[in-house]
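Next come two complexes, and both contain subunit A; in the first it sits with subunit B, in the second with subunit C.
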Partner chain A sequence: MSLSFIFYLVINTLVVLAIAPLFVSIIKKVKAWTQGRRGPSLFQTYFNLAKLVKKETIYSAHSSWIMRITPIVSIAAILVAALFVPLVFVPEPVGGIGNIILLLYLLALAKFFMAVAGLDAGSSFGGMGSSREMSISAIIEPTTIIVFAALAFVFKTLNVFAMFTASVASGTASTPTLILLAISLFIILIVETSRIPVDNPETHLELTMIHEGMILEQSGPNLALMELSSAVKLTLLMALLINLIVPFGLSTTLTLGALVVAIVLFVLKGTILAGIIGLFESSMAKMRFFRLPSLFIMAFFFSTLIIIIEVFI
Partner chain B sequence: MIDNAFIESVIRVLFAVVIITAAYIISTRNLITLVSAYAFQSLTLVCMALALYFHEGTPVLLAIAFITFISKVLIIPYFITNIQERIRIKRDIEFHFLSPTTSLLLSMAVILFIYLALSNILTGTAARDSLFFFGAVIGISLMLMGMMVTFSRKRAITKVLGYLSMENGVLLFGMFVTELPFIIEFLIVIDLIILVMLTTILSVGLDSTLEEYHDRLHRFHLVEDTEDGS
Partner chain C sequence: MLKEALFIIALLVLVAGILFPLATASRNQRIHRTISHGCTVAGSAALALFALLILITGEGLSLTVYQPIAELSLSFSADRLAAFFLLLIALVSACVALYAAEYVEHLEGGSRRNLLCACTNLFILAMALVVVSANTFAFLVFWELMAGCSFLLVMYDYAGPEIRKAGIFYFVMTQLSTLFVMLGIVLLYGQTGSFDFTHTGVSLLSTLAFIALLLGFSIKAGVIPFHKWLPYAHPATPTPLSALMSGVMLKIAVYGLLRFLLDVFSPDLWWGVLILVLGIVSAILGIIYALKEYDIKAMLAYSSIENTGIIFTGIGLYVIFASYGLTALADLSLLGALFHALNHAMFKSLLFLTAGSVVHATHTRDIERMGGLVHRMPYTSALFFVGALAIAALPPLNGFASEILIFISFFSSVAIADPLFKVFLFLCLGLFALTSALSAACFVKAFGSIFLALPRSPESSGAKEVPFLMLLGPGLLAAACILLGLFAAQLFLLAGLTVPIPDMFLVGLLLLAMGVLAYAVLFFTASREVRVTGTWGCGTPSLQPAMEYSGHGFSEPIEIIFSTVYRTEMKNERKFYDAKNCIFAEGTADIRLMKIFEEYLYLPVARFSYQAATLISRFQNGCLDTYLLYVFCAVIAIIVYLGWLA
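On to the complex of A and B.
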């Protein structure tokens, strides 16, 4: 393992941890603006996390070890997955690291533990959230796989780092397939992070909650870890979309100047994408549960089209 | 003059946009955005005709772009928006035969089928490897996707939009594959405008399904304010 790869590991983790809460706040801010409110400060998510860390963790008397390890497994899986997506600096892939299928499974692992923890405390809300999350996962998973397969077809590789290298080398989104891919990735982003047409991240109503239902029993530092991991997941999916579709500014050499430029550009592009997500969420209502497939099928349609185009034309 | 490779990549991007709007027209339930999507699709065709003009230099393409812009981006969406304001329906949630999800899956199969069929027909000819082959595939697919909209929607107004998007497919196919005589394109556009005007006039029944519409025609003899009477 080369020195630059170790640097990459450190830099990427630090950047993703530092930026993730900011993007969550930006989305909240944009949504507040569209509703005519002033909205919370951009640093509110950091304050919330800091507050939660200081609090005491309380476990339900009925809960088992699952409840105790879930936050750690979740944040660990998501942070490792975040290493697959270069935010500011694309390293040389080392020793076959970076298979895109592993990235999918790491996300699935975190999701699985979250669902099991939802069931663990035995509260009916948690169970309901887990059941919904798993139903949605069962139908979104084939779509996600097709989208990632389309990615692999477009860039002719299964290695995530090779994809990013190719994307940076080509500079801009030159092929039209990337437009279709952007839409598919956007839908995946919305679904995987439990955003509005699928789930409402701000509500604690029994009827609507999916993601919140599962982490209802978490408290204190554990809750902070869960929230941080969902923020990091949002950032990593956003980075996947941004850095594959509009890769300019992404640094391939490890110099201080290039890194600073890359970080600034990434935050800028991320802010724009977060704004788009906020507007998208404000523009529509939550979908009825059984209508969700018609959202997924869009992503499925476009990525299958990409595969058809890439294979035949 | 602008670089040819650049124009080709622009046209490819426009193809992607056309496919996106077609998928949107098939699956959306919101009538207002449906009309905007149609107008946007037509605008894409205008851009495509302009790009082709720079590619080939045939002045007919300029005329097609102009007519399409006037009729399909301005006039027809204006009429349909007018109808919508009058009949006060915002969404179309009823479907015959096919749900939007199935339609999208089917149109995927349709695109693949048309691709295979056309590539068999055109094997060995010069057209096989060019942009025009791609244009033909997208054009016919758009036509069939429009047809799917026409028969899977229940409301008359969405049926009309499906028909319009079908015509966009014909235009796309004509632009890329054959030298569609300009006079025919012109006549088609006039046909469309008359069709939309007729639906405007008949809009008394357009908030209903076709079956209900027949009942109303008998009951109200096309008087305008009959909506609340039903």
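On to the complex of A and C.
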């Protein structure tokens, strides 16, 4: 393991932790604007996390060790997954870090723990959330894997680092397949981060909530960890999309200047993408749960189309 | 020399494990059964050592025991493939025997339990001998021995009508399997003129032999549509034996298929496609059915079908890549299939054993009547959780380590030139990914319903943790699941294979580091106040078990989404008093899960063979004159035939 890789581990983790709450706030802000409200401050998510950390933790008497370790496992899995998607600086991959399949399954690890914890307290809201989350994540899986396979196909590698290096080298990567891929990746991002039309991150209404249902029994610092891990997950999926499609500015050498430029550019690009997500969410209503499979099937055929195009051209 | 000695010692110790409890069956004492299980552990240890020696040195062993005539011999040989499966058998058997030493004592049946011990040892011995058989004749003999033993084991509790039905069902299926394997071996003999595992060319006869063997092995491995015996036989069998049957016996069928594919046949492309399609169909349907199951052991049985499907997928990919001449990729998929066989043996026996502990503690197999066991059986629940993580293919455990190999081979199928075939493989990849996601959902449901929240029955609230030995066996298996996952890359290096698998140990370290970091940050910054209080019960005074999300509720969305697969038949007949159908008079409603395979495949075949048998049985009318006529006709026919030849 080289020194630059260790630097990468530190830089990537710090950057993703610092930026993630900002993107969540931006999406909220944009949604508020479209509804004619002023919206919370851009730093509100940071304030919320700080507030939660200072609160007491409340456990249900029925809950077990699952409830207690889930927040830690969840944040650990998501932070390791974030290491697989370089935000601002791409080093040489070490020991298979950056493998796109492993990335997917690290996210699944966090999801598994979250779903099990949802059942732990015996509340029916938690069970409802877990059940819906696992169903959705199961039926989106074929689409996700096909998109990832298409990525591997286009870039001729399984490693996210190598994909980013290739896309940086080619400058703007606006080939038709990549644009199609971007659309599919966007759908995956919406589904994986539980946003409208799949889920509504704003409400605690039992009819709509999926992700919020699972973490309903979490409180205090544990809830802060869960919120932070979902923010980091959003950021890492956004980074995957951004650095594949508009990679300019992404640093491949470890110099201070390049890093600062990369961070500033990443925040800018991320802000634009967060705005797009906010507008997208505002433009439609949440779908009925059992209408979702048809949306996913559409996404699936869309992503298969990429493969077919790529194969025959 | 050391190897021969180890092998023979292992066999002798296992034989001692068979004979000892039989000899002392009249006395029904615990110590005799414990000694028998001790023999299993010792024999397995010797077998494992033997297998490791071969795996590391790469030098095989061959041994002829009995040779009545020149071309027919009972001889053994072990190469690395055989050694790999021997290792699998030995590891699982040892852990299962540790568990069984305690479990058997809680079974009913008096000195019949001695027979159970003897039969278990015979079963293990037979499986080991199938794997080391040097020719197809010995293979068939031990295959049948294995089948017979397993039938006796299924029938242990023969008093129950359900168990007898399961036993007979299993017997028919397993004999069908033997029949097809025998047919395949006979056809091969017709082709090559010998019982050795020798290469044959491509011909109609060898293709037919392949089909027969594939059928035979598919039935034994529980590939859909030949899978129906698994969900019947497993709930009927005593738990340690379910673990052995699911963890090991299914793998012996996989071994058989691989042995013939690698050593005998020169596979065509379409063979690979056939195996791949069988594998994918089994994987996806297996897990979809598992989600619907509420009998814990039947659920695990369906999940075994899924995992067999995954192994078959790997083998199918191997054949496809091999026939395209992509050797590196072919080896990768074969490795994935083999590694998954080993991993499945580990986590499935772990899950079966811990499920058995749960059934032992709660006296029910219905997961809807469990719940809350995490507080009552903390160690068992932790062990089951490791198994669930492994089977859901989550990193850094072993289930993921083998599935990623198959994923990588799918991802690399770009190398195939034929574009349509590429699209086909990518579609298979999509379905394959769906199975692993569904199995995660299935095991969230299983763990949640069995162990979490409030107990949903008095049995469940009175459950107690099981004794030490029943934790030790699964504990060792859980350790194997974790180690095989973490050190997968290092193990492959040790075996001299270069595999593009991520370093899971590094990932594990990173996970640990991040977890410790998060904990440390919270420890120093966050409030450490903790309050324990009841779950909010929506305004009712206390939370009732009936308010929890049940297993049925959990899988309901998936059941609705895949309702076309389940083929649920809903009847709803209503009568009304008035013409406008407003005032309800009476009605019936009925929801029935159609057993598609039984209704459309098994029963028609059974009916047909019954009719054929009736037809043939007319010849056997019990009248001596008729039989004399048959003899006379036969003699005439022989004379005519010989006269023709001369």
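Assume the second predicted complex is superposed on the first by the 310 of 313 C-alpha atoms of A that agree within 3 Å, B and C clash if a C-alpha of one lies under 4 Å from a C-alpha of the other, contacts with A are read in each partner's own complex, and residues count from 1 in each chain.
In this section, a contact is a pair of C-beta atoms (placed from the backbone, for glycine too) under 8 Å apart; a residue touches a chain by one contact, two chains touch by 3 or more.
Everything quoted here is computed from the prediction, not taken from an experiment.
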First, second, both or neither for A:102, with subunit B first and subunit C second: second
Partner chain in contact with A:180 - subunit B first, subunit C second, else both or neither: first
Touching partner for A:302 - first (subunit B), second (subunit C), both, neither: first
First, second, both or neither for A:293, with subunit B first and subunit C second: both
First (subunit B), second (subunit C), both or neither touched by A:131: second
Touched partner set for A:312, first subunit B, second subunit C, both or neither: both
First, second, both or neither for A:66, with subunit B first and subunit C second: second
More subunit A residues in contact [subunit B versus subunit C]: C
Footprint overlap on subunit A, comparing subunit B with subunit C: 293, 300, 304, 308, 312
Residue numbers on subunit A that touch subunit C, as the complex places them: 9, 13, 53-66, 72-73, 75-77, 79-80, 83, 94-97, 99, 101-102, 105-106, 108-109, 111-112, 115-116, 119-124, 126-128, 130-132, 134-135, 137-139, 141-146, 149, 152-153, 156, 158, 217, 220-221, 224-225, 289-290, 293, 300, 304, 307-308, 311-312
Subunit B contact footprint on subunit A (complex, rising order): 174-177, 179-180, 183, 293-294, 297-298, 300-302, 304-305, 308, 312-313
Subunit C residues touching subunit A - in the complex, by the definition given at the top: 372, 374-375, 381, 385, 389, 392-395, 400, 404, 407-408, 410-411, 414, 419, 422-423, 426-427, 429-434, 436-438, 440-441, 444-445, 447-449, 451-454, 489, 500-503, 506-507, 510-512, 514-515, 518-519, 522, 525-527, 529-536, 538, 543, 545, 547-549, 553-558, 560-561
Partner subunit A, residues of subunit B touching it in the complex: 9, 12-17, 19-20, 23, 27, 99-101, 104-105, 107-108, 111-112, 115, 119, 134, 137
